[in-house]
Amino acid sequence: MRNANTLLGAAGLATFLALGEAVPRLGLVSADYFPPPTRIAGALGDELGDGAFWSALRDTLTGWVLGLGIASGAGILCGLLITVVPFLRQVTSSTIEFLRPIPSVALIPLAVLLYGSELRSVLLLVVYASFWQVLVQVLYGVQDVDPVADETARSYGLGTWARVRHVMWPTALPYVMTGIRLAAAVALVLAITAELVIGAPGLGSLIAVAQSSQAVPHMYALITVTGVLGLLINLGARAVERRALAWHQSVRGEAAL
Amino acid sequence: MLDIRGLRKTYQGSGRQVEAVRDLTFTVKAGELVCLVGPSGCGKTTLLKCMGGLLDPTSGEVLLDGVPVTGPPPGMAIVFQEYGRSLFPWMRVAENVELPLKEKGLPKAKRRRLVTDALRSVGLPDAADAYPWQLSGGMQQRVAIARALAYEPQVLLMDEPFAAVDAQTRADLEDLVRVLWQERGITVLFVTHDIDEAVYLGERVVVLSASPTVVQDELYIDLPDERDQLHTRVSPRFTELRTHVYEQIQAAKRAARADTSTLSAAADGDGRPAG
Amino acid sequence: MLDIRGLRKTYQGSGRQVEAVRDLTFTVKAGELVCLVGPSGCGKTTLLKCMGGLLDPTSGEVLLDGVPVTGPPPGMAIVFQEYGRSLFPWMRVAENVELPLKEKGLPKAKRRRLVTDALRSVGLPDAADAYPWQLSGGMQQRVAIARALAYEPQVLLMDEPFAAVDAQTRADLEDLVRVLWQERGITVLFVTHDIDEAVYLGERVVVLSASPTVVQDELYIDLPDERDQLHTRVSPRFTELRTHVYEQIQAAKRAARADTSTLSAAADGDGRPAG
Amino acid sequence: GSSGNSGGSASESGGTTKVQVGVIPIVDVAPIYLGQKKGIYKKYGLDVSTTAAQGGSAIVPGVVSGQFQFGFSNTTSLMIAQSNGVQVKAVSNGVATTGVDGKDYGALVVKKGSSLKSAKDLEGKTVAVNTLKNILDTSVRESVRKAGGDPSKVKFVELAFDQMPAALEKGQVDAAMAVEPALTTILNAGGVEIASPYVDVAKDLTVAMYFTSQAYAAKNPAVVKKFQQATAEALVYADSHPDEVRDVVAGYTQIPASVLSKVTLPKWPRDISRSSVETLEQLGEQDGLFKTAPDLDKLLP
Amino acid sequence: MKALTRQVLFAVGLPAVLLGLWWAASDGSTDPFWPPLRTILRTFPSVWTGERLRSDVVPSVLRLAAGYALAGLVGVGLGTLIGSRRGVRAFCEPVLEFLRAVPPPVLVPVIMLFAGIGDTMKIVVIASGCVWPVLLNTVEGVRAVDSVMVETARSYHIGGVGRLRHLVLPAASPQIVAGLRQALSIGIILMVISEMFAANNGIGFTVVQFQRSFAIPDMWTGILLLGLLGFLLSVAFHFAERRVLGWYHGLRASTRRS
């Protein structure tokens, strides 16, 4: 069954590539601005042979991993804390709603002022953007606790911490998984955007160079790399999910069919 | 031990206001086994939740050993009517049973013994590693019972705990409850719809009226303490008592029925769905 | 009408493999009312789901009017054992009952009449505007029954449909089912744990063995067609029949019990939780 | 990051001072890279390292907060910054127009076969520039004015240089003010130059400059002096060694070789042309770019 | 009435404290990039006058609304399809995950190739970012519909549209709403990003313009305005959610302590 899924996924990607090949070949857009995958592949080959590319990839991934880790940890922690202490929830909700839509791109000058074009600038933007994703999912997830399950826990004298651990957390987990998957992509997006604009080392700054150099296939090759990164991240998230949510309706239904 | 005084509960919300319980006053003494019967929707579950500190009464109070109950008191276990939803789907059966013991801080070896014993005593020695949703309805209900038993509570509140098991298992579980009650001296409040069960199990049966609920009748069950399925149920006194309870429930329903449209009318043939 | 032939169902997944049903073969004729009894966890729900086309059997087949059932056949209604979860919490009671009728394409006026009648016939004329989660367990179960009745099925599968209602309501609902069955000539398969109920309701009682399940016994109920709660239940033939069924179930369990640890042992005092 | 920050990551070790320069990875900053490569900065005791950012919005705050000691920015941006109270100080020339009409490194172009023949025809048309209210639209307006048109009738839209070729070809904009290498890409595709706006502003227009923060300049006059001298030498060297420039550009950009060999290189004169800056200031004032008039005496070295 | 005052107090309490802190911390600041809050607030009314509201705020909000609505439709529609068919999910997921990881700023030029440089492009950019939380949450919500309910619907022949309308969407709605909530703020962010390209009006455009021209206090007012906009939209969202998910909040609160 897993094999069938992999095959289907590969077929999906193949269709996508074929579409990408057809659009410029049919003359819908000029191949100069929208190179077909075959040409992108050539540029990608160039990049893969370049040491600068690999060190950029490492820089981007460092920013991504750190940023996502901090954001997820903080998001989950704050989310649980806010729901466990109702007072906090009431007090913070307006502030959260105010801060959330402030675009991280608008914070770029701020980040540069504080940390220049170092990793910490990137981290600031990454964490700021992906933190909200996790937080909101946690808040909605905890709200989803079945009242009967919660009552059961309370009647057996489970304390606050135990209820968080054994009731709230498992209920919220599917939401959290979605939140982390969202945050993972957002973190990648922001890491690359920050590098692109600020010039911190990483894939983003390579993209910026390719853009300003009119090296269109190289630019697309680098974009492809970010896409592939996203793909791999999702594969990882799915694997974790299959383990962590084996009991859940969404995963359970599939095993039985 | 458990004092219910002038308990009243009105549900509000989503445009509906229901006076579920109007005025309940009764007492359960320490070490007593009281059965609660009453028409469907009369407020038995509501009452149990108020006693368990899970629901705040609109007025009146519940006292445990003279102290008002404001939250779930320690040493009390509840078997919920919605057994399926009260088991955590993310934990295996054994983990579900073990969780409250862990929270109680029992050592691992003891926990394990309690879990195994409890599962065995409800006839599920092999289900320990299954997830609750892999079990049949009756098995799930028995897991919920096992969890309560393993907890070794002083007070045990059970809300129609045997509704989903077969007759034989039910009889066995009834005997199990009586044995545990006698041996451990725990206090048991047992909600059931089965009148025979109420009479067979209880030292006392409290009959509730239809909603808005008051106590319709209280009945002391003067059967011998040593009961068994074969002989007790055919004794003349048993039959008398069950007839009495049955009549009381009918009286309770009749009172309510006077002003609403009726169920028996349907059965008589004029209220059924057109077809 | 309904032919179950060599039905076998093995559940697999999450590291557990359970042979729920080993080999079931029996027939339900058109217009028959068959009651199904069997130990908890023996596979009654599984069987019902296979008949309703909701679950694919591992082997064997279910034929409806000679045609293999592959998906839910039209004109069949199921009352689920997990009544609470089978009601949609986002719909009010009346909407829950009405939904299948809407999907059937009935005109609005007729739908409304069917809904009102069905709710009245289960004794819930006032609950139409409530959400299911605002109702007590027994009331929820009756809503699920009302939904099935309003649907006007040819075949009605009921999985312990009266488990959560009080004795009086239960008696009324039993009579309701018999009246509907007689008037509409529908086919009814009724799962219950209450042996009296099985004998009182059924034309035939099928007793299943403990898991892995086969048919332990089939019993034709030769009570008069006109039954009533007062007289039928005290007739000597009724007592004979119920004793027979009871013995069969015990036999079924005994067979299973021989190789696993036992429930009655617990009741005897040596298998209960240590404490 | 307060403006009192003097050192940043600049540190002296064994006679050489480390300085960070914020640049944009385009042809214009080739002298810095060339100076690095040729050891010109080393000679003056400077250890220069560069950080490529996308534009002034990241470089100016970086310089002001002391993350960079020096930065590269166009002249108008610096004047705007100064007029808004951002304490910047130009230290050296950055890049200048070639001064040759029709052969500059930035030009106003239209697509192949366009009916627009001169800047005057732009009235009522849409012109792409990479940033609005900055040096490019100011220059284009001057071209329109010089060609006898009404600059207020021209519509401007913001578009990054790398998107100009596609937008022109698809007809999303009527003309574009493009610089190298986008300019060569457009010309390769058959585009036509209709004006050289930089040249129209001034034959020796100083388009961009290197700058530092006034705080840094006040605290480290010696370092600034060394940077000025070294950069001047690097500019002169670059101006006279176009082939080496192309080589070094190939290293820090990804401009395809076919394009790179054709790009028009800018001029890198040693000194800032104050008169051109003044012209630019007047034009900017006309266009309402400044809150208060910039103080050129304070800005220029 | 009292409850309302309480709510208002809670809503403004923390922001007031934070603003107070900001005010105090920034009051003596001479750093051009960190202007005192006093200056920012004084600038605010002069920047966001009636004229600017009309020429920048309204177009931005309209584009946001259009993009958000598009994302909602596509996200829920596609999500339902993907969530209910395992094959479709396996087929689409790699491509979607690929696209999801591409940063909007580099995606915009590609979108421009197809959608031009006008409002269509901006709406597509906004939608292309908002769609992910909606899509992912819908997929997960649809996958998690309770099995007993699914069986109920099947046995009563509630299929096709009826099944979607009466079972799948309501059952997934708590999670879909969570996604829509996320999308709202992402939408505002993308509104800004989309206006960084080929724009000549809009809040995002204006903020970036301020930033580039070093009108720093004006830029800060823009950031405040964005926060304010997000807050207002989220209040509106809150009321809409209370209506749509009335049953859900009632159910979840039904057995909590009153």
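Going by the order they are written in, the chains are A, B, C, D and E; count residues from 1 in each one.
As a convention for this text, contacts are C-beta pairs under 8 Å (C-beta built on N, C-alpha and C of every residue); 3 or more make two chains touch, one makes a residue touch a chain.
Please read these numbers as outputs of a predicted model, since none were measured by experiment.
Chains that touch both chain D and chain E: A.
Note on connectivity: the fewest steps through touching chains from chain A to chain B is 1.
Should one ask which of A-D and C-E has more C-beta pairs in contact, the pair is A-D.
Rounded to whole angstrom, the centroid-to-centroid distance between chain B and chain D, based on C-alpha atoms, equals 83 Å. The geometric centre of chain B is 48 Å away from that of chain E, both derived from CA atoms. Computed from the mean C-alpha positions, the centre of chain A lies at a distance of 17 Å from the centre of chain E.
In chain B, the positions touching at least two other chains are 13-14, 49, 54, 82, 85, 131. Within chain E, residues 33, 109, 113, 146, 196, 211, 247, 250-251, 253-255 each touch two or more of the remaining chains. Taken residue by residue, chain D touches two or more other chains at 1, 55, 57, 61, 64-65, 160, 162, 166, whereas all remaining positions touch fewer. Those residues of chain E lying in contact with chain D across their complex are 30-33, 109, 112-113, 116-117, 196-200, 205, 208-209, 211-216.
Those residues of chain E that touch chain C in the complex are listed here as 146, 148-149, 151-152, 154-159, 162, 166-167, 170-171, 173, 247-248, 250-251, 254. Chain A contributes residues 146, 148-149, 151-152, 154-159, 162, 166-167, 170, 173, 247-249, 252 to its touches with chain B in the complex.
Across the interface of their complex, chain B is touched by residues 11, 13-16, 18, 37-45, 81-82, 84-85, 113-114, 117-118, 120-123, 125-126, 129-131, 134-139, 142, 149-150, 152, 160, 163-170, 172-173, 175-176, 179-180, 183-184, 193-195, 246, 249-250, 253, 260-264, 266-267, 269, 271-275 of chain C.
Across the interface of their complex, chain A is touched by residues 1, 22, 24-26, 51-55, 57-58, 61-62, 64-65, 67-68, 160-162, 165-166, 169, 181-182, 185, 189, 252-256, 259 of chain D.
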